[in-house]
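Every chain is named by a letter (A, B, C, D and E) in the order it is written, and numbering of its residues begins at 1.
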Amino acid sequence: MTLVEVLFLLLGAMALGSAVLVAVSANLVHCALWLVVTLGALAGCYLLLAAEFVAWVQVLIYLGAVVVLLLFALMLTRAPTGAVPDLTSSNRFLAAFTAAAASGLLIVSFAAGFGGTRIEIGSGDIGSAGALGSTLFGAWVLGFEVLSVLLLAALIGAIVLSRRQERD
Amino acid sequence: MPLLFPLVLSALLFGIGTYVVMARRHAVLVLMGVELMLNAVNLNLVAFDAWWHDALDSGQVLALFVIAIAAAEIGLGLAIVLLVFRTHQHINVDAMRELADRDGGQRADQEASKHTDRGAGSSPDRVAVTPP
Amino acid sequence: MISASSFGGLEFLVAGPAVGAALLPLLRDSRRVTQAAIGLASAVLAVSIWMWVDVVSADGAYVWQSNASWIAALDVHWRLGVDDLSAPLVVLTALLTWCCLVALLKRAPDCGGTSALVGLILVIEAGSIGTFVALDLVLFFVLFEVVLIPMWFVIAAWGDPHDEPGRRRAASRFLVVTVTGSALMLVAFLLLRSELGTFDLAALTERARVIESDRQILIAVLLMVGFGAKIPMWPLHFWLPDAHSKAPTVGSVLLAGVLLKLGTYGLLRFWYDVVPVGALEVAPYLGALGVVGIVYGALACLAQPDLKRLIAYSSVGHMGFVALAISTMTPQGLAAANFANVAHGVITALLFFVVGAVKDRVGDSGFGVIGRGLYARSPHLAAVLAVAAVASLGLPGLAGFWGEMLTMLAAYSPHPDLPQTTYLVFMVLAGLGVVLTTVYFVVAVRKVCQGVPASDAVTDVEADEWVAWLPLVALTVLLGLAPMVMLWSADVVAALPVTP
Amino acid sequence: MTTQVIDWWAIAPPLCLVAAAITALLVDAFAPRGSRALPCAISLVGVLAALLASAALSSHSRATFCLPASGIEQPVNCSWVIDDVTLAWWLIILVSTGLIGMLLQPSVHRGELPGGELYFLLLSSATGALCLAAARDLITLLVALETLSLPSFALVGLRRRNRRGAEAALKFFIVSVVATAFTLLGISMVYGATGSVAAGRIATSVATGAAVEPVIAVGMVLTLVGFGFKVAVVPFQVWVPDTYVGAPIGVAAYLSVVSKAAGLAGLVIVLVRFFSPYVDLWSPMVAVAAALTMTLGNLAALRQSHVVRLLAWSSVAQAGYLLVPLAAGGSEADIGAMQAYALMYAIVNVSAFAVVGAVSAWGAVTVDDFRGLVRTRPWLGLALTFALLCLAGLPPGIVGLVAKVAIFRSAVEGELTWLAVVLAINVALGLVYYLRFVAALLTPAPVRAAVAEPPASGQPGGQREPHGAELFVVIVTFIAAAVLSIFPGPLFFVLP
Amino acid sequence: MTLGIVLLPVIGAVVAMLAGHRRERIAPLAGVVTTAASLGAALVIGFGHWGDAAASALGPYEISTGGTPILVGLRVDQLSASMLVLATAVALLVQVYSVSYLRGDPRYPTYTALVCLFTAAMSLVVVSDDLFVLLVGWEVMGVCSYFLISHHWELEPAREGAVKAFVMTRLGDIGFLFGIFVIGEAAGTYQISGVITAAEAGSITSGEATISTLLLLCGVVGKSAQFPLHSWLPDAMPGPTPISALIHAATMVAAGVYLVARLLPVYVLSDVAMAVLSGIAVITMLGSALMALAADDLKRVLAWSTVSQLAYMFAALSLAGYGAAILHLLSHGAFKALLFLAAGSVIHAVGTQRLGQMGGLRAALPITFTTMTIGFAALAGVPPLVGFFSKDAVLGVAYEQAMHGEYAVRGWLVLVAGLLGAALTAAYSTRAWLLVFLGPRRGSTAEPSDGADNGRIVAAEPHESPWLMLGPLVLLAIPCLVGSWAVLRPGFLGIEADPLHLPVALISLGLALGAIAATVFAWWQLGAADPAVRLGKFRQVLAGEFHYDALVERVILRPSRFSALAVAANESSIVEPYVQGADTATQWSARLLRWLHDGNLQRYVTTVVLGAVALAVVIGLAQ
C-alpha cells in the first residue's frame, strides 16, 4: 500500500464520517460544520489525484462561499442553534432504502467496469493552474461563455427573489 | 492507487447525499444534501481525468464548471428558501401541501388564491421548528 | 359535353357544402339561411346524379379523377375519384341532406338555433361525400373524422330537449367509440403504407398481393375493428341506440343514412381490394359477428318500449346483413352488400323521419306516450309508417328484400376457401333474423297504428314533410320493383378484383 | 495553446438574445417611471433579431468551437453544430419565447411581475435552450441545461409575496436540482467509460465497444434523467401540476413549451448523436416511457376540473406523444415528425395558455367558470376551442390531426405497432377531457353568471377586456394554426 | 296481354287510393271496372290456351346479381290460364259483393285498393316464369291478406289474427326462399321453365331435389295452411267475409297447390318429399274435418273445411294426380267462394257469426238458403254437383295407385283417409246447414254479438240481403250445377282426368249419404239441437282445436319472449362493463395519482430517484 493510498483511505474515511454526521445530526449548525469537514477532506483527495487547481478552487468556493451562504441562510431563517427533534421526516426508511440502492448500483457497476485498474500519477501531469487555464480557454471556451450567462442569470434571479420592499 | 477507491468513495457520498435530500425535512439541509451529491460527482470526474490522463483535462474542467454551477444553484436556492420562509414562516419541505391535487382542487384553489392576495402575514404562525 | 372532371365536379361536391356552411350563417335570418342551404343541396344533388350517370357508363373504372399534392412531406395527395362502389352512396348522401334541410324549413328544432344546425348539416354532407370520393388513405381518414365533431355537436346541442345530460353522454360515447375505431383504422392504413410504400388506393390494389399473409391478417383485423365500431358491429354497437334516441330527427336520419355507411363503405373498399388474403382468414369472424348482430338486434327490438330505439336496433340488424354479405368475399356478396347498404339508408331514413315527426307531435317516442290508433288520428302519417315498416322487414317488391335476399344467396355459396357449412348456418340464422324482424315490426305497427284510437289528436302530415318524404318512398318502391337500377351490370362485377 | 477559430455567425442568435436581455434589464433599471412596455419591446426586438440571424444560417450547416484534432482524438469534433435539426429547434424556441414574452406583458403592466428582471430571466433561459440545441459535447450540454433551468426557477417564484408561487418554486428547484445531480453523475460515468466528452468520440468508442461495458449503459440512462425531467417523462413528471398551478400562467406556458422543446432536443442529441449504436437498447425503453407518459397524463387529466392543472396534465400527455418518434429509432424522418408535432404543439399550447391566462385574470379557475366563453368573448372562445381540438387531433384542428398522423406513421414504420395501438387508445382517452372543456365553452352559462362573464364589480386587478398583447398573441396563434390546418406543408419543412 | 292482367288491378288500386276519399263513388267503381277488365283479358287468354298446349311467354329480362342471373319473364300455359280465370272471376264477384256488404265503411277506398293489389299479386304468381318474381307476388299476397284481415283494426281478434297470419306465412316463406336458392343453384337458373326442363333432363340429383322440394314445401304449407302451420287460417276469419271468400278460400291458399302442381316434375324426382306431402295431407284432411265438426262459428267451420279440401288436392298431387288436383282446386274455388259469400249474407242478416244464435232462417232468407244448400251439397259431394266428381277424381287416382300403381302403400293410405274424410265432410256440412236454416230461431238479433265482422247493429228482423250481394251467389251457384257436365267432357280446360271411377264413386257416395242421414237423425233426436253433442267429451277437445295454439305458445312464443327480455336486460348490461371499466380505471388511477402528487416534496424526490435507479438497473441488466 503506497503512501498515497493510505492517505487517500484516511481522507476518504474522514469525508464519509462527516457526511454521515451531516445526515443524522440533530443540530442544524453542526450539520453545516460537518459539511465543511467533508468538503475539506475531498479537497485533500483532489490533491492526491494530482488535480491541484481544482482542489484550491474547491477550498476557495465551497468552503469559502457555499458553506458561508448556508450558514447565512440558517441565520436568516431563524433556525434554533440547539438540537431540533424532528429534522428527519417519516420518509427516512424509504429514503435509506433508495440511497442504498443508488450507491449499490454505482458500486456494482464501477466494480464490474473498473475492477483491477490502477491510477499511475506521473510527474508531468500535475493539474497545475497554468495547464488547466490553457485547456480551459483553448478547448472549452464555449462552456465558459455560457457559464458566464448562467452566473449572471442566477445572480439576477437571487436578487429579484429576495428583494424586500416594493420598488414601484 | 486502484481507481476503485475514489469511485467507491464517490458512490457512498452520492448515496448519503440522496438520503439527506429525501429524509431531511429542513430545506437548507436538503440543499446540503445536494451539495454532497455534486461533490461526489466532482470526485468521480477528477478520478476519471487522472486515470485517462486526458490531454484536454475535460474531467477537471467539468469539475470546475460543476463547482461554479453548484455555487450559482446554492445562491438561487437560498433566495427561494428565504422567499418560502417569508411567505410560509417555515421551510419544512413535506409540510407544503397547498398545491396538492385535491379532487380537482376546486376548494383548495379558491381559498388559496384569495389567501395569497392578502399578503404574507395572515397565515397562523405555524413554525414547525419549536425553540428548545 | 365538357367532361365534369375538368371543371372539378368532385371538388364542388366536397368543397361546396363546406363553403356554404361557412358563409350561410352570415344571412342572419334563419329562414333565408335554410332556403339558401336547400338551393345549395339541390345543386349538389344534381351534380351527384350527373356524376352517377358518368359512372354507370364507365363500367367499373374510376371517374372524375383529380390529383394534387397536399402534404408533400407525408406523401399525402388530394386524390379524388368515384366508381360504382361510391357513386350510389354519394347520391344517397346528397339526397338525404336535401330531405333533412327541407324538413327543417318550417319546424325549427326545439332547442338551439336553426342556422347553426343547417351549417353543421352541410359540413356533415361535405365530410361524408369527401370520404366516399377520397382515393388517398390519409385523406380518407381526415375526411372520415371531419364528420365527427359536427355530428357530436348536433346530438349534444340539438338533441332530446328533456334529458340534457343524457344527450351529452350519448354524444360523447358516440364520438369516443368512433374516434378509437378511426385511430385503429389509421394504424392499419400506415401498416399498408409501410408495406406498399404509397397511400394511393388505386396503386394499392395492384400491389396488394405483395404483403405476406400474417401482416395482412393484422391489417384486416384492425380494419374490421376500426370500421366495426362505425357499422356498428355487434360488440361495439352499444353507442347507437343512445345516440339515435337522443339525436334530433335530422341527426338520426344523417347518422343512420350516411354515417353508418361510412363504416360499411370502408370495409367494402379496403377489404376486397387491399388485403384479400388476410380478409379471407378473418371473414368467418366478421360473418359470425354480423349474424349475431342480426339476431341480437331483432331480439332487442322485440322488448323495446321506445319506437326510436326500436328503429336504432333494427339498423344494427340490417347492418349485420351487410357485414355478412361482405364476409362472403364473392362478387355476389359485394353486390349484395352495396345494394343492402343503399336500401337500408333509404328505408331507415324514411323510418326516422316518420318517427321523428311522431315524436315532435307527441313529445316522446315511447309506445305509452304515442298512444294507439294512429290510423284513425293521423291516417297518412300512420300509412307512411306502415309502408316504411313493411319495407324495412324486407317485403319482396320493396327495396329491403333484394339486399337481404342477395346476402342470403351469397351466404349460400360463399368463397371456395371459406367454410361452407358455417356459412349455411349463418344463412339460416339470417333467415331467423328476418322472421324476428317481421315479428317486431308488425307488433310495433299493431301497438302504434291499430287499436282503439287514443284521445289526443295528432296533426297529419303537412306539405313540407310530404316533399321531404316522397322521394324516399318513391325510391323504396323503385328499388324494390326494379333492383337492376342499383345492382351492378355484369361487366362491372367482372372488373371486381375478388380473388377467384 | 491553440485558440479555436470562432464562427461568429454561428453563435449570433444566442448573442442577440443575451444582448437584448441585458439591455432590457438596464433600461428597466434606469428608465423613467411608468414605461413598463419597454422591456417587452426590447425582448421582442432581440427575438426577431435572433430569428433573422438563424434564418441567415439556414443555407448550409456550420460547425464551430471545434476541439483540436491533436492527441488521441482523431476525428475533428466541434461542440457547436448548426444543422437542419438545430435550426428547427431554434425556430420553435424563438417563436414560442417571443409569443410568451408578449403573453407576460399584461401582468407586468398590472405590476404583478417586475418587467426588467422578468424579460432578462426569460431571454437568458431561452439562450440556454438555444445553446442546448446546438451543443455537441457533454460539457456544453450540461451548462446549457443549467442555464435553461436556473432562470426558470426564478421565473416560477417571481410573483411577489405569493405563497403558492414560493411553494411551486421550491418544489421545482429541489426536484430539478436532484435530477441535474443525477445527470451530472451520468455524464461523469460516460466520461469515465469513454474517456471523452465529445459526441463523435463517444459514439466511436461506443461503436467499437471500447467503452467500459456496464458503466456506459448506466451512465447513458442517468444522463437522460435531467432531460427526461425537463420533458416530464413518466417517473419525472411529479413536479408538473404543482409548478404550473403555482407559477404565473405565462411562465407555465414557457415551461410547457420552450423548456420541454429544449429537453427533447437534449434527448435527441444524447440518444441519436452520442449513443446511436445502442439504439436497440434505448428505443424499447423510450417506447415504454412514451406509452406510460401519455396514458398517465390522459388518465390524470380525466378527473381534473382546475383548468391550469388540466392543461398541465395535457402537456404531460403530449410529451408522451412527442417521444413516440424517438422510440421508433430516431431516424431523420422520425426527428422531422417529432419537430413537426413540437411546432404544432408549441403554437397551439401557447394559444391555449394565452386564452386561459387572459380569462383567469378575472378569477376563472375551474372548467365550469369558462362556460359560454364563445358567446361572451367570441375571439377568445373560438381560439381556445380550436386549440383544444388541435390538441385532441380532431378535424376542425386538422393541423393537430396531420401531426398525429406523422407520429402514427413513424410509430408504425418503426415496427412499434403495439405503441401505435396504445396511441390510438390514448387519442380517445384524451378526447374525453378536451371534449368536456369544449362542451363547457360552447354551451351557454347556467343561471348564475359564470366567472367568464365579466362581473360588473371590478375584480381586484381585473379589467374586463383582455390586454392588447394577449389578444395579439391569441389572434396570431389562432390564424397560424388555421392556415397550417389548410396547408400543413410548411409544418413539415424540416422533414427532408 | 299477360302484363295487362297484372297491371290493370294495380292501376285500379292506385286510382282507388288517391281519388277514393274525394268522391264516394269512385273507389268501388274503379275496383269493379279494373277487375272486370282483367277478367275479360283472362278469358281471352284462356280461350287462346285451352285449345292447344303451347305456352306464350313474355321475353326474359336479365338482372345480374354477381352470381347466377335472375331472368324476369312471364309465361302463360293451360294451368295458369285456368287459374287466372278463377282468380279474376272470384275477385270480380267479391268486388261487386263488397260494394253493398261494406256500404258506408269509411275505409272502403283502402279496402278496394288492397283487394285490387291482391288480385294483381295473385295473377303475377300464376303467370310469372321466374321463382323470385313468383316470390314477390307470393309475399305481396301475404301482406295484402295481413292488411285486409286487420281491416277492422279496432277489434282485438282482427289485430291478433292478422299478426298471426302474417308471421306464420312469413316463417314458411323463409323456407320457401331457401328452397329457391337450392333449386336455383342445382338447376343453374331461376326460371321455372328452365328448372322443369333441367328436372326432366335429370340434371338435378335426387338429394338436391329432396332438399329443395321439402324447403319449398315449408312455404306451401305456410301459405295453404297445412298441418304444422294451419292454425292461422281460422284465426283470419275476423276479417271481412268477402276477403275470407277471395283470399282464404279461392286464391291465396290455392297458390300453394298451384306451385306444387307447377313443379311436380321436381317433386316426382324425390319419393321422400312425396311421402311427406301425403302424410301432411292425410293428417290435415282428417284433423281439420273433425275440428270443423265441433266448431261453433259458421266461418270457422268453412275455414276448417277449406283446409281439409286443400289437403285433398295435396293428397292427389302426392300421388302425381296432377289433373285430379287441379280439377278439385277449380271446383272447390267455386263452391267454397259461394259458401263464404252466402255465409256473409247470413251474417249480414243476423249480425253474428255464431251458429248457436242462428236457426230457422229458411223462410227469411230464401235465395241465400237455396244457393247455400247447393254449396253445401257440392261440398258434401252429392252426385249431381261438381264437388262429387272432382272429389271422386282424387279418390280415383288414389284407387289407381293403391291397386296397381308403384306407390301402393301411399295409395291405400290416401284412399282410406279420403273416404273417411268424405264422410266427415258430409257430416259437418249437413250439421252447419241444419243449424243455420232449419229448427227454431235461436237468440235475438237485437243485441250486437261479439265477433261479428262488421260489428254493426242489424235490424230487428233478419231480412234478405240486397241484390248486389245475392247476384254473385247465384252466379257462383251456376258452375256448381253446370260444372259437373263440363268436367265429364274429356279435355276440359286441357286437363285430362277421369272424374268417374265407378267402384270408388259408389263407396264414397254411400258413406256420404250415411253420414248425412246420421247427422239429420241426431239433430232430429236431440230436438233441433247441435248434433255435435253426440261427440260427448271428444267435442271439447275438438272445439279447443287440439290445444295446438297452447302448444305453440309454450314451445315457441314464450322462449322467444323470454330471450327478448333477456337481451333487452343485458343490453343495458352490455353498456355497463364499458362504462364501469372506464369509471373504475379512472377511479383507480385518480387514487394512485392523488397519492403520488399529494404535494409532499419528499415523495416527489423519492419518486424521481427511485425512477432513475430503476431505469438504470433495468438497462444495466439488459446490457
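Criterion: contacts are C-beta pairs under 8 Å (C-beta built on N, C-alpha and C of every residue); 3 or more make two chains touch, one makes a residue touch a chain.
Because the structure is a prediction, the values reported are computed rather than measured.
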Joint neighbours of subunit E and subunit C, given as chain labels: D
Of A-D and A-E, pair with higher C-beta contact tally: A-D
Most widely separated chain from subunit B, with each centre as the mean of CA atoms: E
Farthest-lying chain, centroid of Cα atoms versus that of subunit D: E
Chain occupying the middle, per Cα centroid: C
Euclidean distance of C-alpha centroids - subunit D vs subunit E, Å: 79
Between subunit C and subunit D, centroid-to-centroid distance (C-alpha), Å: 43
Whole-Å gap between the CA centroids of subunit B and subunit D: 24
Interchain centroid distance [CA atoms averaged], subunit B/subunit C, Å: 62
In subunit D, residues with contacts to at least two other chains: 67, 139, 143, 146, 150, 153-154, 157, 169-171, 174, 178, 185, 189, 192, 213-214, 218, 241-242, 300, 303
Where subunit B touches two or more other chains, by residue: 7, 14, 17-18, 21-23, 25, 27, 47, 51, 55-56, 58, 61, 65, 69, 72-73, 76, 79-81, 83, 91, 93-94, 96, 98-101, 103
Residue list for subunit C, restricted to those that touch at least two other chains: none
Touching pairs - complete list by chain label: A-B, A-D, A-E, B-D, B-E, C-D, C-E, D-E
Residues of subunit B that touch subunit A when the two form their complex: 1-29, 31-33, 35-36, 39, 42-43, 46-47, 49-51, 53, 55-58, 60-61, 63-65, 67-76, 78-83, 85, 91, 93-94, 128-132
Residue ranges of subunit A touching subunit B (in the complex, touch as defined): 2, 4-5, 8-9, 12, 15-16, 19-20, 22-23, 28, 31-32, 35, 38-39, 42, 45-46, 48-51, 53-54, 57-58, 61-62, 65-66, 69-70, 72-74, 76-77, 79-80, 82-89, 91-92, 94-96, 98-100, 102-104, 106-107, 110-111, 114-119, 121-122, 125, 127, 131-132, 135-136, 139-140, 143, 147, 150-151, 154-155, 157-159, 161-162
Interface residues, subunit C side, partner subunit D - complex: 70-74, 76, 127, 138, 141-142, 145-146, 148-149, 152-153, 156-157, 168, 172, 175-177, 179-180, 183-184, 186-187, 190-191, 193-194, 218
Subunit A residues within the subunit D interface of the complex: 105-106, 108-110, 112-114, 134, 137-143, 146-147, 149-150, 152-154, 156-161, 166-168
Subunit D-touching residues of subunit E, taken from the complex the two chains share: 585-586, 589-590, 593, 596-597, 599, 601, 603-605, 607-612, 614-616, 618-620, 622-623
